[in-house]
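Provided herewith is a single structure, encoded as structure tokens, for subsequent inquiry.
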């Protein structure tokens, strides 16, 4: 068990409320209303902007050139993901102008600013644990929604989204993020901190579940 | 018209959704369910902790001893208000242990971390405008709910809360905060920034309205 | 041995270069030129302003009301110390206007901004260790310069300064700061971090030695 | 006159002490001792690490995807410049291990942490003005030391360094940075702030002059 497994075990109920949320289940069986998915997509775009800031914060808080470089790669790939996102949104009839003009919903503000504040008030481990339900959780959800591989999804209405997170590329990103958590934990984790970090992880998982709910409430 | 009046005028709909929220109206006419008020009180305690951090952030971002001192006075009075809050909660049957153990709701996380992030990413004016719906808005609400003075409230069920914000002491705090906004604006406001700051103020007002709604949803 | 003793042992050379600096020795034997002391006093005033910001940063980075309160007490007592400082400067012919108008020297900028950056990039332990050569070191220097007590100093030219740091009140402040370092270390210290923190402590001690040298260079 | 010209005019003495420093003059006429240049090169490497953090801070403090992207490009090019720097150092007999192990000098700490603190405490304009003596000043120095172009430098001992900053590529970077300052100023500058920002610019210029002096003192 790595540190991420320990965090999930300590936060089982909140973690499950996130990865097994009705939004996820209905995306999986294809019954999720399009309006819910579009609401989610728009907010996820706004989410990515704050997420990019979180990686910039990680670079700012780094002490070595190696850590700065790692965070810069993360920042750079989120900016690339934003471009992909704009294209994906386009296929669902959402123009870049619509995205930019959309007001952030409460759920988007809550999770993103919580992550940024964990990072500003704490250290790199706090920041990366606050980010992990998103970075690593999406890989778990992607794999779960494509149990027989992406090709087996056929003309699934959410094939493109599922494929993005089920694909080997993203699974590797998530595996690297798990390894990074373990490396950071080896440097700074203590027994006393584990309880605090597990509470932080629970809260981040609940805020992610709220984010799905916001999509569902459309 | 001072800067606060200009912000309200630019954000009328969102401002009204906050100061005229059903929670406020029903607190005023005494029909607000106790459960809703208790939910609100607990979250407001957690809110004050983050609010104290926001004043600490203002002190950290200050350049002169005068600005540090002003922020320190703010921080200190919030810590005092927290003590009052613990006593008020006690009268509603909420022990300090209950307060400390309560999980933060989404609405609490959203508004508090939004304020802190406005301050971390922006300057002192951003921070104080993000705080203003709370600091100054509560004075407006207090006065509105006690139009004939605190004594005229008789045995109103929410007399104590209304009295806290309608009283001269708090009205002076809010007047000083308005003056401080004007002073800051005189130093750093530009026409181009006004639009950004009005958007920030609108968002903060909506997040405050969501905070009342969270209480109402109990 | 507490954590502060361990840090001193790991950074012996740099620590000694600070607490046994010629400035300190000559203040002790009364041969320090007045011009050097005045240069130091002015810069120390500018130093205290940044130091107040560092305690505000500690309050901002705190997660519990107890930690916020502790940092607020620190901030408040530095602001009080600043008033004392203004009076002390007055006796050496330095008006408040002179203090405010004085440009910060390189040594002042280097140590104060280093401390603030340690706090912004790291956690509370980083911040308090960066502050400790000042907070705790001044108590050690005070005691060393008044080995037979403050009364035995007679009409020593630097009696007032020495007395401020040799007195029981300040010795208690320093003892509390040592205890606080131990409490923080119990929560977040690891073997791997000790080496990093000892390096940080060495650097802070060197920057303090540079601060004395700046005074001496007048 | 753009904003950078206005800042230089307001800070003429400090600016001149930087761009006309003896280190610069002697690099130009080739009489700068190699030891001084090597001392400078090592510290400049450590400087770049903090400089990369400053661009990460700019990305973190950004509100729009466009501003994040601009800061990310800056961060990325500094990381590339660091690689170039390692190669340049190699030619002067300085291994990467030597660079990593070198302790930061007071002058390096002072300027870099001052810049980072300006950014943390202020807004993007504060941050970019604190960076500008370096980003834009090096272009001015490069051009001044190669008045007849890089080819005319022949076998000048510091040809490689001068060429790096005199070349069109770097001149364009500096021109873009000047334009960026003007864009930021158009959004947030006021008359009252100009005086503060000119003081900040003066201080940053003095700290840059101290950085040259540190090299010269070797």
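Which chain is which? They are A, B, C and D, in the order written, and residues in each are numbered from 1.
Here is the rule we go by: a contact is a pair of C-beta atoms (placed from the backbone, for glycine too) under 8 Å apart; a residue touches a chain by one contact, two chains touch by 3 or more.
Note that the structure is predicted; figures quoted are calculated from it, not measured.
Contact count check for B-C and A-B (C-beta pairs in contact): higher for B-C. Centroid distances from chain B, each centroid being the mean of CA atoms, peak for D. For the self-contact between chain C and chain D, the two sides draw on mostly identical residue numbers; the shared fraction is above half. Inter-chain centre distance (chain B to chain C, centres taken as mean C-alpha positions): 37 Å. Chain A and chain B have Cα centroids lying 31 Å from one another.
Across the assembly, chain B contributes residues 53, 60, 62, 120-121 that each touch 2 or more other chains.
Chain contacts in this assembly form a complete graph, since each chain touches every other chain. Chain D makes touch with chain C in their complex at residues 53, 103-104, 106-107, 109-110, 113-114, 116-117, 120-121, 203, 206-207, 210.
For chain C in complex with chain B, the residues that touch the partner chain are 49, 52-53, 56-60, 62, 64-65, 68-69, 71-72, 75-76, 79, 82. Across the complex, chain A is touched by residues 60-63, 120-123, 186-190, 192-193, 196 of chain C.
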